[in-house]
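Each of the two complexes below includes chain A, the first together with chain B, the second together with chain C.
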Partner chain A sequence: MTPTATEASGIRIQQLRKSYGSLEVLSGLDLSLAPGHIYGLVGPNGAGKTTLMSTICNHTFPSGGTILVDGENPAENAAVLERMCFIHEDQPYNDAFSVGSILHVMPTFYPDWDDALAQGLVARFQLPLERGPRKLSRGQKSAFAIVISLASRAPYTFLDEPYLGLDPTAREIFYEELLADYGAHPRTIVMSTHLIDEAADLMEEVIVLHEGEIVLQADVDDARSSAYIARGLADEVRAFVAGRDVIAERSLGRILSATIRGHVTADDEEKAAASRISIEPVSLQDLIAALGIHTLTSALTTENR
Partner chain B sequence: MNPSMRSLRLYLSNKTYVVVVPVITLLAMVVVSVFIALVMGIVVGLPLPAAAEEGFRSNLGSLTALPGFLISVGALAVNRNFAMALAFGSTRRNFWCGTALGFVATSIVTAAAAVVLLALEKLTHGWFVHAHAFDVVAMGSGNYLKTFGMTFVLSLLSLFLGALFGTVFRAFGAVPTTVTAVTLGVVVMGLVALGVWQRVRVIAFLADWGLWAVVAIVAALVVAVAAASYSANRLATF
Partner chain C sequence: MAFSDDRPIFLELADAIAADVLAGLYPEESQVPSTTELATHYRINPATAGKALNRLVDAGIVYKKRGLGMFVAAGAPEALRRERRSELHTHYIAPLLTEARRLGLTTADVVGMITKDQA
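Here is the complex of A and B:
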């Protein structure tokens, strides 16, 4: 019997290693993903995001360590793997197939396939059903992957850079549809992304992967509320932050932005107002930067430009 | 639904490619054979006289028309369909079993088409010009069962050969795939050389056992190639 999101026990990974020859992509990674949440997997290119998802889904073999999905090893385990859907960002399709013919066969793979949702998404993304996937534009390929991933209703759905090539309108459609469908049918969704702040509202938990290791795993709301930014004239800000746990500073002329660990109190707000300092919530990307994952942050910032 | 059936459905979801095109390939081979007969007829007259018709019974078009296309079908199926099936939550084993069933389906349809075309060829006495495409020595000289058997195992061998190349590529990469292809080529050439060297024994063997011996040998090759493809598929990655 297929476990529901609430019956499922999630994904447990211990000491996962994956090497390609002498290149170690995942190095002794430990990770626990409780079922029924949306996870954002962030990190620069080459951090091991796709490799991690591929290894969980048994698309590639681990070099060491253990993976358990709902308490079972997913390797060649039909009962586990049929609860998964992972369309790669560069997913190969058979050139002889059209978008329509692939969608037609999908209910065979997924008993909970929602055809109405698939058709609705196809219409919203304006996907040409008769065209072969290879002839789709980059954005259409991403949209096609989103259609399959969401309509599959797979209890474990993995999205690999799902917004790649999508224009802002299509990205908005994706975010809207993902949240609506997830709300109606909770399941475990792991989404790799570079757009940390844009996708932050979708994620319940953020996992930062860097050089094959998890460097941060935190609830997004907790993470955001764990720090705040004080911005104002440098001298005023320096006076304000005295004695506080400043984890990052950024100057622009006479303006200083200080990222401070902790929660803002009413007293803090009063003092800030008196000193003409604005207190602002910290963005997820700024927090990741402030936590000292400098290499990662500069890579992400570069890619987002 | 049995998980293997999902990959079978995936394989069959483009029937034009895996069912219709092989049949059209056979039809095209008939057209080419008739065209050759018409060209010959310019010299010897139409319908072809007995001597020319006898020469046509050595036509190998029915053996050579299919393998190229079917090898590509097999290779694409285990390469692209593999990537799709894995993305859609299949195991390697179930994917391979479902796809192998698909190969059997393609081979049955192709063999059945060969039998129908043989019947039409006989009915029209060589497509009205005494041309022979299926009523040939290589297909059992007009024996329906032998034509079916030969076309079936040949189709299956071609599909599994393609599957072997495709799975080796997925499991080990381009260089081992090339090595496999070259090795198989050397083995085939060696077997041909062996056959020519021992032609007296080979002819005697074929005289005793007839085309069924060839069918059995090809069937044995199918099993060997399928087993190799299955083993490679267990190691294939995305």
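Here is the complex of A and C:
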């Protein structure tokens, strides 16, 4: 652990609201982020992921509620803001400057900036230092954002869909560099992503945002084991799922797959085997898609907490 | 190694390291990779890699040398061999007989196939 990570007390958000005109994006959201963890922030487009990160980092003001970063309000608080790094997906840069000169001034904004790491990442992503940021391709823009985010070594680093336009090789480089540097310098990393199954293994906890509310925050393994699929003949599956919390159903001819929220017991396995139903694990991506479609009455959020 | 969705990754990783110990890839008293090395290599969260190593520590397969890292315990390969022998029935023989019954084969049919294989 770096000294900063152990001194940090994390981020606490209570009843956070954010509206743009009459559009309410965040509607009374509560969230706690512990220091030194990698969080995956997922949810459909328009769920409020970018707004949430922008509001925490004070890139925009909240309409209501409180945000505390290491116990302090980040609003126009330079001492807190330099501990946070958030490069937007469409980050505006001053085009009078080249990629190289922008990197050159970064230590001014981030006291923990590591120039050797930045140079190493620039080389691995083959970023053209002399070019203006507007002339970068989509993938290069993403790579540039990754360079700044990782080299900032900010105790709270926010990555907004960091892999946009990156080819599979560049994504592998990103995952490898992120884990290697995080291993050496643990810090809080919040990464929004749509590539859930690809990025799931990187995350310690997953946070699912849906229509401005958190519908699930859980350890990735716990989330995966919080639901299962029962697959078999439709009539037999229907009998099996009676009284259970079914969050999604898909049928193929006479066969029905039901995604059920809950843990599989030995009794369930016996019952399933007796009626030719197979019990299958659910991928994180499938679970989140099912949660998104399902109308949520009681959030899983409070479970185990 | 590619992880499946079937079981938590830390369990799969712990089993994979145990299999390497059993196969002699990590001999007794040799060092096993660190949390960060495992995390970077498999592209997984370091906490997950740590859970896998802790599981192996709890099972007595590896032990921690303070400030140096994790090492394979003396006698670990033999202990793993004993454990895997006792699990041979649950993991291989019982599913084999279940499948055989589904196909209309008796235990004697299966035994016949095994002895024919050995001849």
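Keep this in mind: the second predicted complex is superposed on the first by the 228 of 305 C-alpha atoms of A that agree within 3 Å, B and C clash if a C-alpha of one lies under 4 Å from a C-alpha of the other, contacts with A are read in each partner's own complex, and residues count from 1 in each chain.
We take it that contacts are C-beta pairs under 8 Å (C-beta built on N, C-alpha and C of every residue); 3 or more make two chains touch, one makes a residue touch a chain.
Just so it is clear, the model here is predicted, and its values are computed rather than measured.
Aligning the shared chain A places chain B and chain C next to each other free of steric conflict. In the superposition on chain A, contact of A:267 is made with neither chain B nor chain C.
In the superposed model, A:154 makes contact with chain B only, not with chain C. In the superposed model, A:130 lies in contact with neither chain B nor chain C.
Touched residues of chain A were counted for both chain B and chain C, and B has more of them.
Applying the stated contact rule after C-alpha superposition, one finds that A:54 touches chain B and leaves chain C untouched.
Closest C-alpha contact of chain B with chain C, superposed model: 26 Å. Touching chain B in their complex are the following residues of chain A: 54, 57-61, 76-78, 81-88, 91-97, 101-102, 104-106, 108-110, 148, 152, 154.
Contacts from chain B toward chain A in the complex involve residues 1, 3, 5-6, 9-10, 13-14, 16-17, 76-77, 79-81, 83-84, 86-94, 237-238.
Contact residues of chain C toward chain A in the complex are 3, 5-10, 35-36, 39-40, 42-48. Here chain A touches chain C in the complex through residues 37-38, 172, 175-176, 179-180, 182-184, 186, 201-204, 220-221, 224-225, 281-283, going by the rule given at the top.
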